[in-house]
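Shared between the two complexes below is chain A, which pairs with chain B and chain C, respectively.
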Partner chain A sequence: MKNYVKLFNFEMGRFLKGYLALVGITVAVQVLGVVIASRSYTNKINKYVYHEGMAIDEFLSQFGDMSMYAIIHSLWIQGPILFCISVLLIYTLLIWYRDWFGKNTFIYRLLMLPTERINIFFAKLTTIMVMVLSLVALQIMLLPVLNKVMSSLVPEAYFMNLSFKEMISGFDVLTILFPFSFSDFMIHYGLGLLAVTLLFTAILFERSFRLKGIVYGILYIALSLLIIFSPVIMIAITEKSYLYPLELFYLELILCVLVFIMSILTSRFLLNKKITV
Partner chain B sequence: MIEVKNIKKNYGRREVLKGVSFTANKGEITCLIGVNGVGKTTIMNAIMGLTPIKSGEILIEGKPLDKTSYEKITFIPDAITMLPQMKISDAMAFMNDYYQCWNQKRANDMLKFFRLEKESRISELSKGNRAKVNLLLGLALDVDYVLMDEPFSGIDIFSREQIAEVFTSHLIENRGVIITTHEIHDIEHLIDKAVLLDEGVILKEFNAEDVRENEGKSIVDVMREVFHV
Partner chain C sequence: MGKYWKVIMIPLITMIVFITYYIHVQSNPVASAQFFLAKQSGDEKEVEHISLDTEINYTDGREMVGITNKGSIVYSNLSIYEHLKHISKNSQINRLRKKYGSFIRGKADVGRFFEKDDLLVHIDDSLNPFTDNREKHNITVSMYDLKTKEKDSFEVKLPHVDKYRWLFLVTASLNDNILKIITSNEYEEPKSHRTLTDYVVYTIDIDTKKVIDAEKVFEYTNEEISENQYSIIDFHTDKRDEFSDFIMIEERSYEDITVESEEEGAYNQQTESTAALKKYDIKANKLSDITIPKELEGYTFEHVNGDVLYFVKQAEQSIHVVGYDHSKNKITSKQTFDSFVDEYGDYRANTIFYNNKLYVTNLIDESKSIELIIEDIVTGDTIYKGKVEQKGKAPVKDYVFQNAFLNINQ
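Showing the complex of A and B:
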């Protein structure tokens, strides 16, 4: 356990600069986006209401009021989020491969540490999950701040204050990232954890058997998906369901947990018996 | 004792180790000798559990390798095993963090011996100095066995001399050493046992002292006979 914590801390440190860059880009681009969008809107107010004498109601009916909802669909907000997702997806692969293909052969050192090798797996897995969750937490904290920034730039009569839920409603990616209930949170991030675990196992297949390992990895993921979706596939084939929705949900939950455990055990076996430097 | 028993290893269809067996004792320097590609590094990796073997057995003090073995045996590959952005002090701290057998005093002594600066970054070191850091990180562990893969490979003559000095120092005393090298001239007189390899098989395994005393031959002489060069 102590070595796992140390390895996790070490892995976090290795990507800290990259992670802080992501945080910096996200904050800078989103704040800039809010400022630019608010300025653009207030310029319109100046032009139509103050210079051309348009009534406020007429302006609002023509241009609408200003709220975070208007900008949240723009690239200013979505861009950094999608960029962070892309970087973390790439890093999910890099977190393993850089130990083999970096300038120095750090994988030798990792595999020769006097600790269970599965700790390396857990440390890398936790690093990815913590980075995802902390970026999500940052975004949750940032949206109300952006709302405040916007409210300070747009005159009160033209600004509509929105709750967090109202801000992100109707935007699928955000509703996945920021689920409204604890159970949704567990499902979304549990599936995310499972996906990263399966990908890690596939990477270890590749690192163990090289070219053949790519095939084994793909087959492994396909088998895992088949197990997870087997109840749904059965229902689709037979066109009959003998299960209530809640029973189906629990069955899926059990299958996901089983696939997760299977993936951990397979990874442990590969790390202990098959991995090649 | 490290016992390598009839190990076989394939890379794809190519059989790189065809039943290799030898032992390495504590307090002895065992040298694996052969041209590139005969499987010397593969044997080292196999002993350390860094590559799986097809068949055979490797025992360290009578037991198969497990996580506790890394407190008894260390491997110094031909490339440094630390991150390039690390300073030497970071690398030493890393080792100190994970290995109970890390000997800080010895590490500091070796720093002085190799005239290395603790605050130098690994990426900024010359190849010779990187080899010295690699050696330092391996030899500062209080382990019974040290495996070294081509420690003289591609480094300048002065660094080579300094590294060769290590073999006559207390750093090696009482430890079992397995070394692979082409350049045995620097350490030939220190080798206790030589294992000559070619195409994945052991051609000859002999006690260097016996050959020197009884036959009046050097290891290089025996190599010439065995490899027909």
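Showing the complex of A and C:
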């Protein structure tokens, strides 16, 4: 356990600068976006209401009120989210390959450590998941703050205060990132964890068998998906479902857990017996 | 400890944020309004298994909701688990599962169940529709006798089905181990390319598991009567989930007429009425014409209860329901119910018959409110009257219900 924590701390440290950069970019761009959008809206108020004498009601019916809903669809909010997702997806591959192709072949030292090699796998997996979840948590904290910033910049008569739920309902990606029910949260991030685990195992296949390993890795992912979707495939073939919807749900849950365990065991085997530097 | 701040602080803050977020979401469940079916008079039990599925259009969005007497479910707010739980709420299947156990497994989504005392028969015609493979025109019959605990399943190949492109199970009857299945078999006439439908009774001997007879009882050509008039064939049985000893075959005609109005000018309106009615006695194998009394012209046949046939006509502000006993050639009841007026001043109503009850709603197109009246068609009593209302701290003002459906058998 201690070795795992050390490795986890080490992996977190290696990406900390990149992670903080993502946090910084997200906060800066989104706050800037809210300020610019609010300023542009208040400029409109100044032009039409204060200089041209347009009535507030007329202004509102022509331009609408200002709320987070207006900016949540813009690149100011969506851009940093999509950027963070892309960077983390790339880092899911880099977290392994940098050990082989970095300045020093760091994987030598990692594999020589007097600890179970699977701890390296768990440390990397935990790092990715913690990075993902903490960036999502950042976004959860940021949205009410952005709403406050906007409310302080736009006159009260023109500002519509939105609840958190109303804000995220405006952007589908947000409803996937932070679903309203905790059970959906577990399902979404459980599937995410499974996907990262499968990808890690495929990477280890490639690192173990090189060119052949790419094929093994693809076959491994295909086999895993086949196992997970086998009940659904059976229904599609037979056109009959012998399971009721909730039973199918529980079976899928069990299959996902089994594939996750299978992936961990396969990775352990590859790390202990097959991996080469 | 200090050098591990990253692995302590980041996960800890993340966890606190998520816990706070889900506590907040749970304590403020729905931002949108809570609609419910409020009783105005009658027995609340009548609507316990009723759901009004409708789309609510707000000024800034829309959502699909299911409204019951207890409240409303916004379908998009359901979690995956809750959604699966919700779709498992089919009372017929749940009742059959409780009674017949694993026999129901694999049969819930295909074919139909027919129940007779403690005998349950499942007829699976799912291999038939839209298949080019004529070999597949088979029907699987599965039976479970709860008393003897005997289960049986067999497949029968229907004879003379080569020309049909689609077979559809209409109903079935079971008497003395003889199963009769009525199907509507559709085909296209090669020369005229007209679509024709044969209604065929297949007689199956349960003991030998073979089709012993196949007889065409009725034939129908689907074509327009005139440019603005057409008709369709519809079937009615008195028992929805049980074997029937007869079916009513209705030819319903539709006509587009132009209505002149002082306010709106000329506009098109569609009228419907029952043009012809036949009764097929499955046990006696006899098809007979039903004479519809002249005073029921312009009415539509909607429901059958034994020998009594129920006809409906929607007048401008009311709905007329007439019971007619065809065996005695006698009108047995005449009932008139108030229709609904919508916000545009139009009278409109939708009628659904179920278990000798008439459900009258104003669920057509758009409406600011949904009202429901339940009538007992045998006694003529109004047994429930209700209206969709809002509850909660923040009722919404700008909304309209659209495309609503009444689910009686949840």
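Here is the rule we use: the second predicted complex is superposed on the first by the 276 of 277 C-alpha atoms of A that agree within 3 Å, B and C clash if a C-alpha of one lies under 4 Å from a C-alpha of the other, contacts with A are read in each partner's own complex, and residues count from 1 in each chain.
The rule is short, and it goes like this: contacts are C-beta pairs under 8 Å (C-beta built on N, C-alpha and C of every residue); 3 or more make two chains touch, one makes a residue touch a chain.
Quick caveat, the model's predicted, so the values are computed rather than measured.
Aligning the two structures on chain A places chain B and chain C next to each other without any clash.
In the overlay built on the shared chain, the residue A:108 is in contact with chain B alone; chain C does not reach it. Of the two partners, chain B and chain C, it is C that touches more residues of chain A.
Legend: residue contacts after superposition of the two complexes on their common chain; A:181 is shown touching chain C, with no touch to chain B. In the superposition on chain A, A:273 makes contact with chain B only, while chain C stays out of contact range.
Rounded to the nearest 10, the angle at the Cα centre of chain A between the centres of chain B and chain C is 140 degrees.
Using the contact criterion defined above for the overlaid structures, shared-chain residue A:16 touches chain C, although it does not reach chain B. Using the contact criterion defined above for the overlaid structures, shared-chain residue A:39 touches neither chain B nor chain C, since it reaches no partner.
Of the two partner chains placed around the shared chain by superposition, chain C is the only one that A:5 touches, whereas chain B remains out of contact. Applying the stated contact rule after C-alpha superposition, one finds that A:73 touches neither chain B nor chain C. In the superposition on chain A, contact of A:116 is made with chain B only, not with chain C.
When the two structures are aligned on their common chain, the gap between the nearest CA atoms of chain B and chain C comes to 12 Å.
Those residues of chain A whose C-beta lies close enough to touch chain C in the complex are 5, 8-9, 12-13, 16, 130, 133-134, 137, 140-141, 163-166, 169, 178-185, 187, 239-246, 248-249.
Interface residues of chain C, counted against chain A in their complex, comprise 3-4, 6-7, 10-11, 13-14, 17-18, 21-22, 24-26, 28, 31, 61, 77, 79-82, 84-85, 87-88, 105-110, 126. Across the complex, chain B meets chain A through its residues 45, 48-52, 67-71, 74-75, 77, 79-84, 94, 97-100, 122-123. By the touch rule above, chain A contacts chain B in their complex via residues 3, 6, 10, 14, 102-106, 108-109, 111-117, 208, 272-277.
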